[in-house]
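As written, the chains take the letters A, B, C and D, and residue 1 is the first residue of each chain.
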């Protein structure tokens, strides 16, 4: 295969797949006479999406969900970095804190959602807490791994150059760990969005999670699909931003695909 | 040179008879991107000899044996083994990176027997043949171990045995010791020499260590920068088995110096 | 070696520590006792509950999680192998894969609710959907990153394409497959618990947490949360042990 | 006390490791050594003879179990801690170049200067001039990953020279390079060391390399690790590559080889 056809295929094939996907969907709904209350044809969802986005009312929901997710993510990054650094650098802190964190890590955090709502109320705070709780662990775990896996030989180099601890942290530890930390952040942002949405399912009267439940209760299935599509696009955007950040901040690092 | 002749297995290698070429390469060409690695390259590899391939970095040493062993397609040219093609003969190949060449989910024994399985040899005979090879080589190794339980040298030894178990007519070795530490390398050189003397198999060895290349070889194939030509095909006349004493032998030192000279000339030319 | 085999039991130490902190917090009345009952009360609720309703919920959740993981494995592993072994196929599906990857799985609940109705099928299929993606990516990743030298070695020894696939590729992807299964089962559990909370469920740990919250029965709620945590830990440990048994060469 | 004019002195230096099973491994057994100012000394021996451990103890990377290491009258190890004063004028080169991928070549070379608080303009200026010293002009802004192994070691050499050290500690710095590049790098190393009058301790397992570069060679044998002999290399400097083909050179190489083999047997 020549290089040009290869490049052409790279662009064409995904387009073909997506078009085929929607075509099959349309034909299936049409021929099997699936009720529009269960699976509307793609075109109808498209109209619903345009209506949804065109209607100014949706933006307040979008804003709230994004705000919750981003705030939760920011808290998770801050705490993840602090604890990750602490546990990697201080043997005592690791011994004292690691068992707690491993124990908490394995709890399905989602089960804590009702508890958080009791503690923090139905407002935005509880959702931020849920977001942060979900996003914290991958970021923390990767920070810990990242700081711990700084090359032994590079450390020797810094010792032989008489580097001070703070300089070693900024010039060696942090850049070494950054690709791994940012990979954790890619997973974290997706979890932060999930946290916000699940929190909104549970209580409150604003946000896209709430909107989805409301559409469901009104049996507006095409609208529900449109909300999910919007959520997916928001998720994709936030994820791409973090992934882009990783590529921009650590261009030297061979990209390893994240696996959620 | 007589003592270096294998005494068994190959009836045609009578010490007195002139050597027939085992591998004939004619008009070999290979281009990577815009770089011409080989252009109309000819070479004869004598039967039952150990040939070391040596040359400047990037001259295509590994590419050459990979093309002969069929791992890389040739752009043009013919490679024949006694007039036959690669698919008609049995051959073995030893990779540089033994860690990635052995199967870690198999015990050493099953690793060695794997090529026999590919030849559809029945299990009982596979076992017998593998055991015979191990006994013949007199290597003390617990073959029930998994590769990751072995030292690097032991793993490479398993890798070489795996290549030998099919009783190949020719064995290719791509820098087989370069991933080992220095002492292990010395040990493995002795092991390889022993295997060569006992099996009499034609061997083609790529090496980046001149001393190693000369120490092990009957002929050193010195390649020039690309497009690669045969800069020299130096005969090494030292008797086998060669030992540490060989390294300070005056003829050996002279041969090595000659190779170094050719090598440095080729480097300067580039 | 010793250190490594102790690692899975670290959480138990953590739990004991957490209980101690909890006891101190509740007896010193740092937190409103209504929101945080003493660990004794919660423990009592756990003990009694596990012999009754909570135990039933526990088993229900295990059943649903197991079902969805099995389904996800049956679908995800072969798909992952196919996807991973053909670069062209992976490339053509890359967009769809990325799209689903960034779809928050939980956003799909209402959707599945519509498609499958209220019942076990819904919960199991949502969880299976989430887990399939995780398993599939990991398997495909494992296959795509099979050591080229090993594949070449098999080829040199005369292995056919099928043999290479079964003798080498499959084993090569096994460590990553287990990573996928472990992450998949964790995700399945999370989704099941959420589904039990929201999709009009009558049983399961999620339902138990939710109901206790609604009725403000705090000890019972903590008991259910603890049960969920224990389940998460248990499933992880189980998969780790299986992994160590079957993928003994991994990381060596 | 080490003799006057000595740069680096080792007195009864020993290093013992404890294995997990509780066995004691004697990595280095009582080494005494004086390296004079401006002298080039090689520590030669097979792997496992403790030569790298000796170098690391001098560099302040590993404390000796017993004995004393002195750099220009100042103890390198004081109460188990490396002395910043004693190690200030040393620079070390490792088997790998160890260039940081997040810096370009000049930033990498300027790193030790940066760690000493030199301002950006002056350190980068020095880095650029070092680039030309080691033949890396034109590659100042290149990423380390775009350089060949030999070029990376050149950058590492430049980095080591940046602080104008009085002693260079080299741990098989060219061990991973191919024969040809290695020859070139050795010529380069000799030139730089002669020009700067710097004291050098080199760890190597290549007898030819040791003979080619050194004023004195300390041959070590493993298990138990010990000094076999110390050789003085008589050849005039600067030494050309062709020296390696001379009979005298080959004879010395052969003699050292025989001694080491006999000691190991």
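By our rule, a residue touches a chain if its C-beta (ideal position, glycine included) is under 8 Å from a C-beta of that chain, and two chains touch if they have at least 3 such contacts.
The structure displayed is predicted, hence computed values, not measured ones.
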Tell me which has more C-beta contacts between its two chains, A-C or A-D.
A-C
Farthest from subunit D by Cα centre, which chain is it? Let me know.
C
Suppose each chain is reduced to the average of its Cα coordinates; what separation in Å results between subunit C and subunit D?
52
Any idea how many Å lie between the Cα centroids of subunit A and subunit C?
18
Centre-to-centre distance between subunit C and subunit B (centres being mean Cα positions), rounded to whole Å:
50
If I count partner chains per residue in subunit C, which residues reach a count of at least 2?
none
Chains as vertices, touching pairs as edges: which of line, ring, star, complete or other describes this one?
ring
When you check every pair of chains, which ones turn out to touch?
A-C, A-D, B-C, B-D
Complex interface listing, subunit B residues touching subunit D
56-57, 181-183, 208-210, 244, 247-248, 253, 257, 260-261, 263-264, 267
Listed in rising order, the residues of subunit B that touch subunit C in the complex are 69-71, 93, 95, 97, 100-105, 114-115, 118-119, 146-148, 162
Can you list the residues on subunit A that touch subunit C in the complex?
9-10, 13-14, 16-18, 21, 37-39, 98-104, 106-115, 117-119, 190, 193-194, 197-198, 201-202, 209, 212-213, 215-216, 221, 224-225, 228, 231-232, 235-236, 239, 257, 259-260
Listed in rising order, the residues of subunit A that touch subunit D in the complex are 153-154, 156-164, 167, 171-172, 175, 250, 252-253
Subunit A-touching residues of subunit D, taken from the complex the two chains share:
56, 59-61, 82, 84, 87-88, 90-92, 94, 96, 98, 100-102, 111-112, 114-116, 143, 145, 163, 169
